[in-house]
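Two complexes are shown next, each including subunit A; its partner changes from subunit B in the first to subunit C in the second.
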Partner chain A sequence: MMNKKADVLVIGAGLSGLMAAAKAVEQGKKVLLVAKGMGALGLSSGCIDLWGYDIDQPDQVCSRPLQEIDKLIQVNPHHPYARVRDVLEESLDFFRKICAENGSPYLENEGGNWLLPTALGTMRPTYLVPASMAVKSLEEADKILVVGFKGLKDFYPDVLVANLQRNAELKPSCKLEPVLVEVGSEELKPAALAHRLERGEIIDKIVQQVKPLLSPGAVVLFPPVLGSSGGAGMAGRLADELGCPVYEVSNIPPALPGDRLQKTLLHHLKTRGVEVIIGSTVTTAHLEGNRCVKVTVRCLSGTMTISARVFVLATGSFLGGGLEADIEGIKESIFNLPVQIGAEEWSVQEFLDLKGQPFNKFGIAVNDHLQPVDESGQVLVKNLMVTGANLAGCNYPIEKCGNGVALATGYKAGKLVEVVHGE
Partner chain B sequence: MNKTNELALDNCIKCSICVTHCPVAKVTDKFAGPKQNGPDLERFRLEEPLAVHPSIEYCSNCKNCEVACPSGVSISTMNCRAKGEYVAKNGAPLRDRLLANVELMGDFARLMPGLVNWGGKVKLFRELAERIFNISADMTLPQYASKTFYELYRENKPPVSAKKVVYFPGCYVTYNTPEVGLALVKVMAHNGVEVLVEEFNCCGVPLIANGLLADAKNNARNNMRKLEKYIDAGYQIVTSCPSCNLALRREYGELFDMEKAHRLAEQVIDVFEYLQVLAENGELKTDFKHLSLTVGYHQPCHLKAVGCGVPSKGILDLVPGVEVNDLDAGCCGLSGSYGFKKEKYAISQEIGRQLFQAVKKKGLNRVITECGMCQLQIHHGTGAEVYHPIQVLAEAYGLGSDIK
Partner chain C sequence: MTDKAQVVIIGGGATGTGILRDLALRGISAVLVEQGDLAHGTSSRFHGLLHSGGRYAVKDKEAARECIEENLILCRIAPSCIEPIGGLFVEMQGDDPEYTEKWVSACAEAGINAEETDVQEVLKSNPALSSNITRAFKVPDCAVDGFRILWGNVNSARKHGAKVITYSKVTKIHQENGSVTGVELLNKLTGEKKTIECEMVVNAAGAWAGEVAAMVGLEVNVIKDKGTLLAFNHRMMNKIVNRLRPPGDGDIFVPHGTITILGTTSQTVDSADANKPERQEVLDLLKIGKEMVPEIENFRLVRAFAGVRPLYQPGSSATGRSVSRGFALLDHQQMDGLNGFVSIVGGKFTTFRLMAERTADLVAEKLAVDAPCRTAQEPLTDPVPEELLKRGKKVFGIPGAKKAAERLGDDFARVIEEAEQNAEKRQVFCECEMVSRAEIDFVARDEDCHTLGDIRRKTRMGMGTCQGTFCGYRTLGALNKYEKFARSHREYLSVFLQKRWKGIRPVLWGQQLREAQLALGIYCSLFGMERMK
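Coming up: the complex of A and B.
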């Protein structure tokens, strides 16, 4: 059986694994990243949620997410953010830096949340967004034209228009109009459409059908198919051709912005010398005392082992495969770490009426070095750090913090590889 | 039902990540994509094996879908079987049979390589081949060597050593780039390892990709027969071609359920994985020359699918003066015989475009990649000189003179 060696083995190619690898390789470590598959990023909107709503008034979008997180940590010291508050700003800056360097800049809204239209015509708060999605001043638009494509499933401009009228604060005189453009295919897949746009084949067709519907002060919203790689190049090109601002709205999976972000970060890692193996599942951990020495990996073509000095467990929750539920209960799938079943309740009652699915709070408890701990706070595996959606204590769909937690915890794990190894 | 469970059909969460990652579905509407022919129709195939969408012929067998799937669904295995069912029922065009029968082509070319190579460059013949066989007149054909790898090996036998491995060269090395095989033999000998060879058959991947499963299984059986004694004696079986590696390690067990496939999988190893083990045991020679060589690196899709990472990376990092730039630009598009087919040539080139651009944008005129077909396609699309990483290593040891 083949054995591979690295300084740091990151398990998982979701946002938290990618961040951990990026930060670890920056410090000159030999980093190997292994993942079963692509994870939640390719399904997500590609936007980085940090904290969505006001803790005291959960129906209000919170205006200062970082300050709200300080408050959160007071009322819920078990939230993953409490473990990474010291590096939160730094991690966001690091993320933005590598995205920008790789041609896919992410924008911040002056320290506040963006409030962005979705394909369903709702407005969702989020913190960092790709340049192509950073819709500014919708409330000043005189006209909003929503463009869909004949044959593209899961994006219906008339639905967006009908709901947006209700959900967004618009000028009373603002006109909303849906349009379905025809680009000559009966069935369109998002990636194929993005490719044809990038090739310039259908831009004229789109412009011909859209331009006559525009009037001064118009804003045009598209489904998130404007190009298969990151960056606002395609949105910018359409904006030039149409003579007005053009944006992508977030859509249900498979949405391309999440896929673009994953590609961007993987590209960053590969060009920095991280060895990446996707399609291989880590099945077992081999411990000596309370240190992990190696793991067994099942690849498409057999099994191998990987030994490393430090391990990062970034395997996500149920969707990613990090946590598994069976008749005996819930377990963490590689190290068999104890999974907290959300016994910790919020100390501020009534916070978030929509308490969400309790299972989203299941997960692994960690200390400030992100090492897994048991109920008494004893470290279970010394050279292991746990990050992202498999951490206990957060309820991302309700709290709107999924990618924020993944990003910050991943970053911190990458930063601490030396410290944790020395312990 | 058992086999179905193994393929993890029920794990499919219908997320379509496989579709987003399919290089063919991205550039053409002609292919319904991995999800439809994979998990969606597999359910019907439990009852009716012929529930196959005819567009399955557009699947290039690159396996990107399966690598990307978050749920571990064996999508490409489903697609391979589906294509097999389809071809078994509807037959395959003569053209596909010819292109898939790499050995036959190789043996034919061997009779008069000069003539075949010349003919491959004459426009008139290529146009005839396009008209009669639907073989694209535009794709660069592989050049046949004047002697096969096996012939050259016999003329240059490596010194006997106690440490031995068996080499499975694969058709491309056998007929087209025997210099790669020779570089491998020399590098191993330099490290005190004697390389043994047998006249193996084609691994079967081109047949599998064309839906000719019965023929592929035949090849697999023949190879198994030749490999058996080595498996039993505990030899490691070294490959330089990622598709051969994948066939031996995975397809023989997964598609053909062959006895001993499991043990074979344990003993097959990429040549750079082997060298990596030597390096870890402090047994790799490091008497490298300084090379002053900047190259792009393309990771073949089938190497990604093998899941052993980029084994050449750790070794080439040791060679002074070699700078390797990971191109990370996706599938090359050729996928064996796929890009030679007239109706698929444009698709193949469109898939490869991103990779060609990456090479050109970085201003690279030398590229390394493990797969012979990727080598051909990158040369075709960029004009760059393309090598197997083992040729760079041979050069660094002062054993080769392939790198121009």
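Coming up: the complex of A and C.
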């Protein structure tokens, strides 16, 4: 059986795993990342949500997310942010630096939230956004043109327009117009459309159909299909050709922005010499005392073991496969760590309850070093750190903090590899 | 607004629509009034089992005989709504062998062809079944699509001039000199009021029949009996499987296409609307189901659902003309001295046509119309022509075309035409049930369609593993151009998702929990819909 060795083994290829690997390798560690699949990052908006709404006024978009997180930690000391508040700003800086170096800059909005339109026509608060999605001053637009493609499923300009009118603050005189452009093919998939754009095949066609509809002060919104890699390249090119701002809005999967972010970070890891093994499942952890020495991995060619000094568990929640639920209960799949459920029911009656569904908060409890702990605070596995959606205590869909928690906890795990190993 | 008809039928389930068709075929003018969407009640909340009668053979011979007769009639008149896959009755270790013998002779007496078959053969072709089966018998059970039968009734009735009014509640039944003269309706969507003058009112409101009778001051004693069922995302076996023992909870599995339904429980409830499945009921069903399918936990549960059976029990004051123990036709002129008011209560889906026939016979007699029942002979749906299926395959692919043809029947041609003319409409909006944009578009235009739920019942959109997460959003894309869908998208979508959630919550583990997390990721994280205006 093959046996691999590393200083740090990161399990999971979502945002927190990628961040942990990036930060660990920066400190000169030999890092290996293994993952069952591509994780849930590709399903996300590709933006970094930090904190969406005021804690006291849950309908009010939060204007200073970092300050609101300070408040959150006061009222909810079990939130994952409480474990990483010390590194939150530096983790965001680190993330932005990596993305910018790899040609996919992420923009912040002067310390506040962006409020960005979605394909459903709602407005969504988020903190860091790829340049192609950074819609500025929609409220000043004289015209909003929403462009869809004939044959592209899952993006309906008239739906976006109908709801944007109800959900966004716009100039009373602002005109909204939906349009479907035709680029030739019958059924279009986002990835295929992005490639055809990048090959330059259909830009003229789009410009020809869109340009006559523009007027001064217009803003153009597209589905998130403008190019397969990060950066504002394609949106920028269309903006130049059309002579007005062009943006992408977030949409249901398969959408490209989450995908692009994953590609950007994977590319970064590759350039730094991190070995990435996708499509292999860690099945068992081998412990000696309260330290993990190696894990067994099932891959296409059979099984192998990977030994490491420090392990990072970044396998996600139910969706990512890090937690598994059956009729009896919930377990963490690899280390069999206790999953914190609390006394709550798993779910509540209203699907879209403003307090969120309790099961999203289920996960692993950790200390300030992100080591898993039992109820009394005793560390369960000393050289293991747990990150991202594996963690207990955060209701990310409602709080709008999923990628923020993943980014900061992943970063901190990467930063602490030396400390945790020494313990 | 005032309308006129000879007969107003209250209740848009299988029985009500069956009566509507029967009367229409006899040339009697009739309007059916339904408080919600057609089939929203018990007629869509059952196993989807067309009984052979085997289940009732020992306990209720008359009901058993009615079942087998109706089973054969429906197979003849509505083949496109029925999968004649056959059923098995299995005796298991510990079951009473004497009951089996009793059952065999009871089937013979009722005219049900129950043929013993080799247990090893049964296990070979149905490997999910337990090896504790000791004896097995084949019976002519069928899987039936309740929705399709019901719309078959309605389409056929409409062709013969009948009318259907949905989302309208009867608020008053007018009487003059001891005779019914009309009904007053309140449209639940628009708030509009309407009166229909009529000579007779037929109360076919199922679990709501007691409430309808109370409007004219009469008592019809309907016991509301909730039955919970489970839908699995697998075809667990190739035949319907019944436990061969006195009928009890959780002892029938019915495969439909790629899914399987297991049920049911039985519990008396206070309200006809008490159709919320509970987690404990799910656990109870799984426990009983496990005896027949030992690996039941390994099959993915999609959702639980519940219906309220209307069981009729003659009250102390009522002396109903009990047609059989299965159902009862109440002539309130004879019983209570109210002319022109008739209730049809009890019964089961399999015998809906017979119930309708008996009711329509009585109505015709009272209206002095001399026309025989034709519903046992006239085909309910026309088979889809081969040529049309070929064209369908070109635009929807083979499985998509087949499913659409089954669902759409006579309307298939129009949907194909739209897809042929507009490539965009060939998009598959619901991948689980293979529903095209053309079909959703077409159904959305239907005058009875007012919500995503209505579209779901007519197309099966949202009934697969994603439970509407993707197709619910997509359907908005088809609705926006129709003026009648003028309410907010938030309302359409949140009501739809909430109804789906009701069935997911009691089975929230395994893959369905992952699915729910994805759904919340989409609607909250990506769309912020919880705060949408």
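We take it that the second predicted complex is superposed on the first by the 411 of 423 C-alpha atoms of A that agree within 3 Å, B and C clash if a C-alpha of one lies under 4 Å from a C-alpha of the other, contacts with A are read in each partner's own complex, and residues count from 1 in each chain.
The rule is simple: a contact is a pair of C-beta atoms (placed from the backbone, for glycine too) under 8 Å apart; a residue touches a chain by one contact, two chains touch by 3 or more.
For clarity, every value in this text was computed on a predicted model and none was experimentally measured.
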Quick check on the superposed pair: does A:2 touch subunit B, subunit C, both, or neither? Answer first, second, both or neither. first
Is A:158 contacted by the first partner subunit B, the second partner subunit C, both or neither? second
Which partner chains sit in contact with A:75 here, subunit B, subunit C, both or neither? Use first/second/both/neither. neither
Which partner does A:252 contact after superposing on A: first (subunit B), second (subunit C), both, neither? second
What is the contact status of A:280 with respect to subunit B (first) and subunit C (second): first, second, both, or neither? first
May I ask you to decide whether A:187 touches subunit B, subunit C, both, or neither, giving the answer as first, second, both or neither? both
Contacts for A:319 in the overlay, against subunit B (first) and subunit C (second): which applies, first, second, both or neither? both
Is A:419 in contact with subunit B, with subunit C, with both, or with neither (first, second, both, neither)? neither
Going through subunit A, the residues touched by subunit B and also by subunit C turn out to be 40, 43, 186-187, 253, 319
Taking the complex as given, what residues does subunit B use to touch subunit A? 13, 15-17, 19-22, 25-29, 33, 63, 66-72, 245-246, 249-250, 265-266, 269, 273, 276-277, 280, 304-310, 313, 325-326, 328
Touch list for subunit C against partner subunit A, complex: 283, 286, 297, 423-424, 426-427, 429, 470, 473-474, 476-477, 480-481, 488-490, 494, 497-498, 500-501, 505, 508-510, 513-514, 516-518, 520-533
Per the touch rule above, subunit A residues touching subunit B in the complex are 1-5, 32, 36-40, 42-43, 185-192, 195, 228, 253-254, 256, 259, 266-267, 270-271, 273, 275-281, 297, 299-302, 304, 319-321
What residues on subunit A touch subunit C, complex-wise? 40, 43-45, 49, 52-53, 59, 118-125, 150-151, 153-154, 156, 158-159, 162-163, 166-167, 186-187, 250-253, 317-319, 324-327, 346-347, 349-354, 356-357, 359-360, 396-398, 400, 402
